[in-house]
Amino acid sequence: MTEQHDPPVHGSLAELREHTRRLANDLAGALRRVSVRSGDTTIEVEWQEHPEPADGHPAPVVASAAPATVPTDDRIMVCSPMVGTVYRASAPDAAAFVDVGDTVEIGQTVVIVEAMKLFNPITAESEGVVAEVLVENGQSVEFGQPLLALAATDGAGE
Amino acid sequence: MTEQHDPPVHGSLAELREHTRRLANDLAGALRRVSVRSGDTTIEVEWQEHPEPADGHPAPVVASAAPATVPTDDRIMVCSPMVGTVYRASAPDAAAFVDVGDTVEIGQTVVIVEAMKLFNPITAESEGVVAEVLVENGQSVEFGQPLLALAATDGAGE
Amino acid sequence: MTVFRKVLIANRGEIAVRIARTCRELGVRSVGVYSTADRDPRVQRHFDEAVHIGPPASLRSYQNIPAVIEAALLTGADAIHPGYGFLSEDPDFAEICADNGLTFIGPKPRQIAVLGDKSSARRLMRDAGLPLLPGSVEPIANTAAATTTAAAVGYPVIIKAVAGGGGKGMAVVRTPDELIPAYTRARDTARSVFGDDRVYLERYLDRARHVEVQVLCDGHGNGIHLGTRDCSVQRRHQKLIEEGPAPALSTTTIDTMSDAAVRAALAVGYTGVGTFEFLVDEDENHYFMEINTRIQVEHPVTEAITDVDLVREQLFVAAGHTLGLTQQDIQPRGVAIECRVNGEDPDRDFVPTAGTLDRFDPPGGPFTRVDTHAFTGYALGPHYDSLLAKVIVWAPDREQALNRMHRALAEFDVAGLGVATTIPFLQRVLADPEFRKAAHCTALVPRMQATKEAGG
Amino acid sequence: MTVFRKVLIANRGEIAVRIARTCRELGVRSVGVYSTADRDPRVQRHFDEAVHIGPPASLRSYQNIPAVIEAALLTGADAIHPGYGFLSEDPDFAEICADNGLTFIGPKPRQIAVLGDKSSARRLMRDAGLPLLPGSVEPIANTAAATTTAAAVGYPVIIKAVAGGGGKGMAVVRTPDELIPAYTRARDTARSVFGDDRVYLERYLDRARHVEVQVLCDGHGNGIHLGTRDCSVQRRHQKLIEEGPAPALSTTTIDTMSDAAVRAALAVGYTGVGTFEFLVDEDENHYFMEINTRIQVEHPVTEAITDVDLVREQLFVAAGHTLGLTQQDIQPRGVAIECRVNGEDPDRDFVPTAGTLDRFDPPGGPFTRVDTHAFTGYALGPHYDSLLAKVIVWAPDREQALNRMHRALAEFDVAGLGVATTIPFLQRVLADPEFRKAAHCTALVPRMQATKEAGG
């Protein structure tokens, strides 16, 4: 903070920049604009109007219920409605309910989540093509955890 | 950070920056814009519209020393450099050192502040006309408390 | 002395943080659970891991047994601490924990069931020698029985739901002509609220103190008490201020109640921490009311006067250890007071408020403890009870403790758009002459509110 | 029992808040003073009124006697509490207080003067029966005397300034050929730093603990001790962690030191709180070092194990009351530990850091106390010492206390651009095997720093 630790600055633009930096850091309060001119050299800085809180924590989100289907960008996430264990097939040796590239329809079972020995079929709430499978067979999932990403089929977005 | 540790500033830009910093930090209240120009060197600073934290506390200002003279708007404040008791005259039956409308010169005693039985003459550091007397005879004052407001005389601003 | 490897805390708010603290001090890993409403990571920082178990509605998250059990199993927890409220007094939950190989940190399911049922609890405790208020031990079967019993015990009487709690389903009857309508209404209410229309009837005390005894029993037949607490400062059966030991009672009364509580707990084979609630009248007659089979909100009062970490003791006892403390080790010193700082507006009949806390600077300094999950930037939401922080102070005597609490609340800075707290009301209670001389009873807060409304 | 009407607190930071708390609890009005650097009104909220006394430089504000005295007179204070540091051990200030009709809360000016001078303090304490390290009681007049004395006490020896403190002006000499240059340098340093070139010389102990005894005396010839504290965890004579009672010492040693300290205090007519510092070697021989004639940073350790509010006792004794406590009342229980959380960067040789605290969430919960003047949004500046907060925990035994402190520091969330704290280093000390078994001495921190630099 003390002046004597500041490095020496030379040259008109570098000097101007260094002076601008020091000045901005020395001033209290939220700055909006700083302009420094010396001869025909000018530096202008403007800050955004509403800075984010400095701690970087996101504002808490108060969601009202568990979305089973969450659109993200152009992909639709199928999320787990409960804590449990995911099974991608109806039996250890059976084929997976769905795989990448499959087209799913509304109401179609995409995985099973087991909780307290109950097997709960998780069904798609929109139609689409499986773009990514985000869980492995036997994996634990939390409430709200994404299971599959679907890409909208033509017209599914309408 | 205290005045006595600050290195002397030389050269027009460094000097201007240092004056800008001191000025901004010395001023009370939330600033909106400060502009300082000397010859072809200019510094301008603007603050954001709502610099106060939400709780209403002003951002702490790191002032570098006790300003004995603080300009506010177009008035110049003469402030107390110590905790003590103000006397406006040299004796109970004497005339006040200055009154509203009087013109004061640099170095002229405007009040006395008594601390620990020592009578300290407080002198004007700029010339001007007494616009307002902000303390009463015998009043207690804190460090930095405004005593008088001076209006700049013609040419005093240059 | 090993306890558990990993404990899941099936709760939220200050009590979840409280339990996590003791876990960390014991080297036990903690698993927090949270609903979508509580997903701020700053709340989760007290836990070693945390599982998102459901949406804000507590029935689908904190009271959702499958979600809690699954979270425990998936994280490899070996025990579940239920805190207070939510699943803490649910015998089915305790049973399901056991079925899944998880230790429920609390009494056995059977004890929770029989002691949670007020009718069976009263019978058991009467048989164990605790004095009951004059009234019916068994449910009142019909209006004729109601009339006979009320006449025998004498008016005023109070009708209570066997399955009740928190003041719901209670009715005070002052004259015989009010009895039958009140009885009928009480059964109707009990049926709709608790799904159980059994009610009982007992003498109503107009000027009574709420005094409770903290007990602690292991699974090996050892039990002690940890002194008394007075919780008479209540608003609609919600405690606002608690203190220990109970003031203005003779040592004889305190000792009699405390010893009787331990004897009764041991007689029914109770394990863990438990609270025996009594009503005490102006002549220091005391009457057993009910047992809380879990850690209480106000447990720090007891911790401050006895030097015992009650959550630590809970964990050890639940892990099967023999009590390390004897009755001789418990020598309560001084006076402790707890104030509950709720996010409620005392000027608008204690309506819960919500908003983000722009400032949250809790008190500190000598002999001052704060238990809270909040912090500057915390979003107080509308989903759960509004307890924001508990402030607990200790001092050598009651007057110093009251002055210390006044100081602590005065420096507690909570501010946020739309947020109000109970602090101003708590300060009014602390300044009340009747409260200061410990001459108050459960009628204190209603009297203060009436005074305020009357323009006081 | 009346104390004062209004007390001016001639200090800043956590100790000013600490003193204001006890004032408020006693119904004594408090006057804070602040420099321009401390003018944030949120710091001032703990005081009933506050006076702006000067610019940031402490010589012109907190150490500015006229400003402090004037502030007391103008606000109508009847006493001044000096806290620690600043004017607290300045006999002139104590004298000027008296001259202006203000009670200085501390010993008499004469006591401060003779006990602050290490030479006269050593002579007085030797006469009062306290053991001194082999060495010179009187200042060493010349190089010949230095050589003779060093040879007599045996190497290594340490040269200290009579007017010294805080580790300044000390030099350890291990061999005779280093003696004369070190002696000359020490006198030069002492002259330039303290304006007093007197030095003395004593045996240097390589493996010593720093153990101190807290005493409390009234103005009527009554005095007690309040147990011991170990402050061996030091970096360049700055204490980082303190605990009480001093661990790994026999009861005999503790009792001998404590009783001797009280006897010596009474022998010199001491009044108020005072701390007798000793060095204790591996054979539990103990040697008197110096007396601190003021409240100590680490006083909460003693408060936690004795239940005594030391600032309250200071006020009562300063107001002329007879001690309300007898030695019999002091029965230290359990173990208390204090960690000093400084705004310093342990990775950059503890350089002080500065910046605004975007987050400041202190720990809480069972048996945990925090003393701090900081809060979220506080601007930590470069002007004063960097103590941000003191965390004090209590537990029935040392292991639990260490675990509790580890937990408390783990949950202490301090963040701000450019701000670092000593928390990570404190956690390293808490985990150090030597420290955990209380086998450490004042060489602990230098050893840990050397280990770290060696790539450990």
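As written, the chains take the letters A, B, C and D, and residue 1 is the first residue of each chain.
Note that in this section a contact is a pair of C-beta atoms (placed from the backbone, for glycine too) under 8 Å apart; a residue touches a chain by one contact, two chains touch by 3 or more.
Since this is a predicted model, take the numbers as computed values, not measurements.
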| item | value |
| --- | --- |
| Chains touching both subunit B and subunit C, listed by label | A, D |
| Of all other chains, the one whose Cα centre sits farthest from subunit D | A |
| Homomeric contact subunit A-subunit B: same or different residue positions, threshold half | different |
| Distance between the centres, which are taken as Cα means, of subunit C and subunit A, whole angstrom | 41 |
| Cα-centroid distance, subunit A relative to subunit D, in whole angstrom | 50 |
| Subunit C and subunit D: spacing of chain centres that average the CA atoms, whole Å | 42 |
| Separation of subunit A from subunit B, taking each centre as the mean of its C-alpha atoms, in whole Å | 51 |
| In subunit D, residues with contacts to at least two other chains | 42, 359, 377, 382 |
| Subunit B: positions in contact with at least two other chains | 1, 53, 55, 60-62 |
| Of subunit B, residues touching subunit D in the complex | 1-4, 53, 55, 57, 60-66, 82-85, 115-116, 118, 140, 142-145 |
| Of subunit B, residues touching subunit A in the complex | 1, 5-7, 12-14, 17, 20-21, 24-25, 30-31, 40-51, 59-62 |
| Subunit D - residues contacting subunit B, complex | 36-37, 39-42, 51-57, 60-61, 65-67, 69-71, 74, 377, 379, 381-383 |
| Subunit B contact footprint on subunit A (complex, rising order) | 1-4, 15-16, 19, 22-23, 26-39, 47, 49 |
| Interfacial residue positions of subunit D with respect to subunit C in the complex | 17-18, 21-22, 24-27, 42, 45-46, 300, 303, 307, 309, 311, 333-334, 359-362, 364-372, 375-377, 394, 396, 400, 403-404, 406-407, 410-411, 413 |
